[in-house]
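So, here come the structures, one by one.
Paired with chain B in one complex and with chain C in the other, chain A is shared by the two complexes that follow.
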Partner chain A sequence: MEINDFIKCVAEQYEEVDAQEFTPDTKFKTFEEWSSLTSLSIIAAVDDEFGVTLKGDDIRNATTIQDLFDAAKAKV
Partner chain B sequence: MFCSFKDLKIAGIAAGVPKNVVKSEDLNLSADYDAAAFIETTGIRERRYSNDFTTSDLCCAAAEKLIADLGWEKSEIGILVFVSQNADYILPATACILQDRLGLDKECYAEDIALGCSGWVYGLSTIAGLMSAGTVKKALLLAGDAKRRAEYPLDTLMGFSGTATAIAWEDGAPGFKFHLGTDGSGAQAIIIPDGGARNMTTLHSFDMEEVDGKMINRLTPRMDGMDVFSFAITVPPKSIKKLGEYYGFDYQKADYFVFHQGNVIMLNKIIKKLKVEPERMPLSLPYYGNTSSASIPITIATQLKGKIENKHTKFIGCGFGVGLSWGTVAFETDSIVLSDLVEL
Partner chain C sequence: MTIENPFSLEGKTVLVTGAGSGIGRATSIECSKLGASMVLVDINQKTVKETLDLLANKELQHQCLVCNLTNAEDVESLCNKVPYLNGLVMCAGINKNAPIPFCSRDKYDAIFDVNFFATVELLRLLYKKRLLQNNSSVVAIASVGGVFKYTFGNAIYGASKSALNTTMKYAAREFASRKIRVNTICPGMVETPFIKSGTATEEQHQKDMESYPLKRYGFPNDIAYGVLYLLSDAASWITGQNLVIDGGSTIV
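Our next item is the complex of A and B:
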């Protein structure tokens, strides 16, 4: 699992934010578009792409995409 | 765990619901998540809801209809299992009340099983085990959830239903194959904190507190949606694959995949993981919402009526949720009786 693929995967779950805006330091829950649905989309997409299932606490405890990536990587 | 039972079949299914329809388009949600977004996400267009009937009232009506449609003698029914998380009373068990209400023989085995979304599969396995080891040839599985133990604002996902499933002994019938599992570490994922013996009902049970942006009290169910979603998209497909591997059959050859009706995104993920086309996954969710342990039987009774009664049909059923608990069953039907929907 590579951070750049992971960022792309998370970015694809946002319709109103330009994919170029996403970096490891992006605080992914601060976008106006963020909702509980986005979180489910991210869980589903990460599960699809990387075969890793994030849980509620992984999303809740993460601030940046890097945090989320680290949580996912720990499950591999 | 795995278990299988031969010489048994599902003879018929009936579903009972309140007449009262609640339409999702009338939901008053928030500006960024309106009724249209809700319908798209959950797949739920309408549900049945009424506090005029308990789960057992709906199950009882469904059972009466089913027994009549099957032409069964009530005296032949030797097992009654009631699966619900909304029993009529704290005690006695609702199954005992239903034995009398349905006019079943006093030589009848009756028990409650307090499971939710996985409950129909568990009830079926309990009945199959008892029938395989004893003398009973006809049994009733009554499953569902309706009127709650405490009044709280109606959840936007849940619909009320009580179902009846008739199980019969038949020499040579293919029977049932089960895979059943539990992960109690996820107990908090869906829970009503107060009202049981761990946290007794006190005046503080009625204090309102904010949970996920909603004001609810401690007698209201609360759900960690993300944890439940993670569970639902991973464990059920694995359970179905395991069942096929263990018993050496190709699960993809089933005619229908009938799952607990949680939400449509979840169900689409599961069917995709199984590499099965969604047309073989009937949905009652749009019309009845999430009906807890009733969801598998109500889906068969309402969505497959007129399609399967006269032909041999292979099913995979999978219930999963509160517990956390899950169960997969493979079964086949031949000339199954599907009663008309019973509306109270």
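Our next item is the complex of A and C:
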């Protein structure tokens, strides 16, 4: 699991934000379109792409995409 | 003078699937307290034995059987061991949240295999082999999800429970010829290991609870008591119904 692939996977769950905007430091919950459905989509996408099951708590505890990547990596 | 209790389960033999935890465990324990002889079925040997230890009225010779209900050979073998039944409670179920774009066929198959196909197949075999005796009562645990409520990420689970709910109504009509009653219970969110395995955080659960008129999630016994009623002779004229037990969540 590489950080760039992970960022791409997260970015794909946003409709209105340009994928180019996403970096490891992106605070992914601060976008206007962020919702509980985005959260569920990220969990499902990471599960499909990397075979890692994040929990709601992992999303809650993460601020940046790097935080979420670290949480996912810890479960590999 | 003895006073007849219409809610008693004395003299009845009741099989419960998913008896190792949650609603299945609570139902098994409460049925045994009301005098039923229990047949506990679960995929997990350890947890189903724990439930067996928790049953009341041990002299009723309760038994537990380990079975993967999605495995045809396992189910056939189960049917060869099952005694004649007066009650069947089908609680075994799984869930995995996924928004629609992630609801691939393999995920539908995995959830439908347990929640729908395994459940209706067990019912089919027990009925066909006449292990379900005349005048018996069948209770399937469906959900408010997919029947009355449609929350994010719950499409596959809801569809499986909706399919189950519908099939039970057909069974209720057809099985009435043997005076076998078939009903479903549609629980709201119940505090079980099942919901803890989901993706929601404790905070999200707390917020969701606030939306319930009775301001809490259910306890497994809240559902078990509904099952007891439908199994008992007090419900002799009830078939083909959904009993919603949900703290009022579907009226808001």
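Just so we're on the same page, the second predicted complex is superposed on the first by the 76 of 76 C-alpha atoms of A that agree within 3 Å, B and C clash if a C-alpha of one lies under 4 Å from a C-alpha of the other, contacts with A are read in each partner's own complex, and residues count from 1 in each chain.
Following the convention adopted for this analysis, contacts are C-beta pairs under 8 Å (C-beta built on N, C-alpha and C of every residue); 3 or more make two chains touch, one makes a residue touch a chain.
This structure is a prediction, so every number in the text was calculated from the model and none was measured.
Applying the stated contact rule after C-alpha superposition, one finds that A:45 touches chain C and leaves chain B untouched. By the touch criterion defined above, A:62 lies against neither chain B nor chain C after alignment on the C-alpha atoms of chain A. Contacts of A:7 after superposition: neither chain B nor chain C is touched.
In the superposed model, A:72 makes contact with neither chain B nor chain C. Note: residues 36-37, 39-40, 43-44, 47, 54-57, 59-60 of chain A belong to the chain B contact set and to the chain C contact set alike, using the contact criterion stated above.
Residue ranges on chain A touching chain C, taken from their complex, read 36-37, 39-41, 43-45, 47-48, 54-57, 59-60. Of all residues in chain B, only 32-33, 37, 41, 212, 224-227, 229-230, 233-234, 265, 269 touch chain A in the complex they form. Across the complex, chain C meets chain A through its residues 97-99, 101-102, 104, 152-153, 198-204.
Taken together, the chain A residues at the contact with chain B in this complex read 35-37, 39-40, 43-44, 47, 53-57, 59-60.
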